[in-house]
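To keep things simple, chains are lettered A, B and C as they appear, and every chain counts its residues starting from 1.
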Amino acid sequence: MIQVNGLTKDYGARRAIDNLTFDAEQGEIVGFLGPNGAGKTTTMRILTGYMPPTDGTAMVAGYDVVEESLEVRKRVGYLPETVPLYNDMTALEYLKFMASLRRIPDTEDRAYESLQAVNLEDRADSFIGTFSKGMRQRVGLAQALIHRPEVLILDEPTIGLDPAQIVEIRNVIREIGKDRTVLLSTHILSEAQQMCDRVLIINKGKIVTEDTPENLQSRLVGSQRVVLRVRGDSDGLNARITKVKGVRTVESKPDGSVEFEFGAGEDARPQVAKAVVQGGYELLEMRPVGLSLEEIFLELTRENSEDIKAS
Amino acid sequence: MRNIWIIAKREFDHYFISPIAYVVAFLILLTTGIIFAINIYYFIQNALQSFGQVPDISPITGAFGFLLVLSIPAITMRLLADEARMGTLELLLTAPVRDFELVAGKWLGSLLFILTIVAVSLVYPIILNGLVSPGIDQQLVMSSYLGVILVAAAFLALGVGISAVFTNQVAAFFVTLMTFVFLWWLIGFPAQVLQGSASEVFRYLDMKTHFYDSLNLGSIKLADLVYFVSLIALGLFVGTTAIETRRWR
Amino acid sequence: MKEMNEKKNQSAARNYSIVALIFALLACIATFFLGITRGLVSMQVFSGLQAADVNRWLLVSGGLIVLGLAAYAIMEPDRVRRFFTGRQARYGSNALVMSIAFLGILIVGNVLAYQNPVPVADLTEDKTNTLSPELSSALKTLPTKVTATGFFSQNSPTDAADKLLNNIKANSNGKFDYNFVNPDRDPQGAKEAGITGDGKILLQMGDHKEIVAGASESEILKGLLKLLNPR
């Protein structure tokens, strides 16, 4: 559905995105993960036909974004980061307007349908100027959906929402993403983890890495972390665990548990369990702990910028 | 092409909830009303000495020209500058709407609004027709009003074009106003100083002559029509190009 | 330390490059005004200046424009290169070509319409706006401007004459102008012009004068013909 090849965009002397290449298949929810200024919005603007790239090509829904921009725009639903809306129109009027621009015959019905999809049908006749941030976001999403597009491009769709609203929007996106292609950007990592089939980490205009959230986690974790808990007193426990072959670090956690780390391929868990029991401790629990995507993210982007500094 | 109408309709509706539009309409109708009243008064006073002179509405339509110079910048300044400022231009530029359709739609919407004001001002010739027997020269009225409409359409197109260049409404307003003042008043001056074909060129470019010396007098000349249509085309072209350049600016 | 100096030099170069552009812009403005002056000089508006002098100045300011742009190109070669190649330039040059073509079409269209003054319609009831063909051609053949002065006192209303004269003026391409004088208020002027009676019009072309008895097309036509063929 989306094929991007060597996409580059310069704003004067500043290179916003540099030689991006990636794909998104139909029915995939792909996440663009990166810090502010990484180039996410620029990429999305190119894919929605808003601006042409300086170099490279992009095909959306089978059409070239530069040569056949109008065809691309017919098939893409876009929610910009700023969620621009007409404050002096009611939600219904606004959606009817956007629907008519997209040649939808029964604009009123379709507008209501979109409002229902985002749970705003009771505010159909209220002026958008009176809406809260969450409601504005939902209207924006309704606008992106109104022509039932094959591709949805959402720039930071949950930014500024409260947790309940975030859950709601995520459900809507997941629902939509079942048979459509969704490209969304975020700098909230748990969001990428929860919603996306695949994650592209982008920094300073380049793609740092690309994979499923699970794979990323296991790829990047060169070591494994396990947390264990014993009943009662744990004096001397850390010293015992440290002595076990393969254990790299041992750390007491504030909640009383102990976290230790060992290299991948040297599963030290049986030895640790033995050592704990032999030491007279009652082993209550031992379970693995993953490296959060946050840590992966920071790791990657830090490395990336270090690479850039060194070169 | 339908997009033009959709956008025009939205702009037209939007004018009726914008305070500036009402102020402009009020000022235009008030000024023309005063001129009309004075005109009638004068003719009634001098009825005996008029020797069969028939009052017509050319003072009204003539005043329109001047009023449009001042008021159209206020009408067009927000048309595209506002969209850029609010960020909604990004929505319009990612919708399946051609840049030209956007500009033309804005122009058409504002033109329909001005036409509404002009339509209201039709009360003047109607009243005049009732006061004067056997009636005023109706074809002259048509010609004069056609002139007003053409002047308005040309100014609006230029105003829309300038609005597309700026993000700041105030900047758009002033540049538009300066342009109109230039076209309506200043550009004719070189014609009086120069001679020969240079003089003719400047006199042709003077917008006033295409209205006061012909349409407001009842004669419709091809050159005048071409002139106004050219200005409309120029304004829409500038607007479309400005929008296009926004994309890769 | 070296990096810091390099960076400083870079930003200094950037600042100076803008100076080069501003310089070129000022030279542009100077050239523009010099061009106007040159035009005025050729019309003998300024008696003190010689055309040759102005030409020299024009050359100098033109050269300064080129100098400024060249300096900018030297200081910012990358930027200039990207300006001329690259997609932005292709779009930009495309837009420029289109604009020139568009303006060209507009100009040609207007010139054609002007040179073929086809009256689409004369909507006045008595067709007062269309001048008789004889009067039209008489106006066309006027070598210089004709000024009509209507001597109308309080007793003669000027409205009809005003309409007629205005109409002639509108169709004269600037060759005909008119004004009104009240002989009661300015008896001297009336006498000098040789006007007696009311409602008469004086036509003046250069040194030639003709007095016309009344404000009608035929009378004015007679007067103009007499001016054109003085006996």
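Assume contacts are C-beta pairs under 8 Å (C-beta built on N, C-alpha and C of every residue); 3 or more make two chains touch, one makes a residue touch a chain.
What you are looking at is a predicted structure, and each value in this text was computed from that prediction instead of being measured.
If you tally contacting C-beta pairs for each pair of chains, B-C comes out on top.
Ranked by separation of Cα centres from subunit B, the top chain is A.
When every chain is reduced to the mean of its C-alpha atoms, the one closest to the centre of the whole protein set is B. A separation of 23 Å divides the Cα centre of subunit B from that of subunit C. Between subunit A and subunit B, the centres computed from C-alpha atoms are 51 Å apart. Chain geometry summary: the mean Cα position of subunit A and that of subunit C are 63 Å apart.
Along subunit B, residues 248 each make contact with two or more other chains.
In subunit A, the residues touching two or more other chains are 52. Listed for subunit C are residues 87-88, 91, each touching two or more other chains.
Only residues 45, 48-52, 70, 73-74, 76, 78, 80, 82, 84-88, 97-98, 100-103, 143 of subunit A touch subunit B when the two sit together in their complex.
Against subunit B, the residues of subunit C that register as touching in their complex are 43, 45, 87-88, 91-92, 95, 98-99, 102-103, 106, 109-110, 112-114, 116-125, 128-130, 157, 159-160, 166-167, 169-171, 173-174. Subunit B makes touch with subunit A in their complex at residues 2-3, 6-7, 10, 14, 17, 86-91, 93-98, 247-248. Every residue of subunit B that touches subunit C in the complex is listed here, in rising order: 46, 49-51, 53, 137, 139-140, 142-143, 191, 193-195, 199-200, 203-204, 209, 212-214, 217-223, 225-227, 230, 233-234, 237, 241, 244-245, 248.
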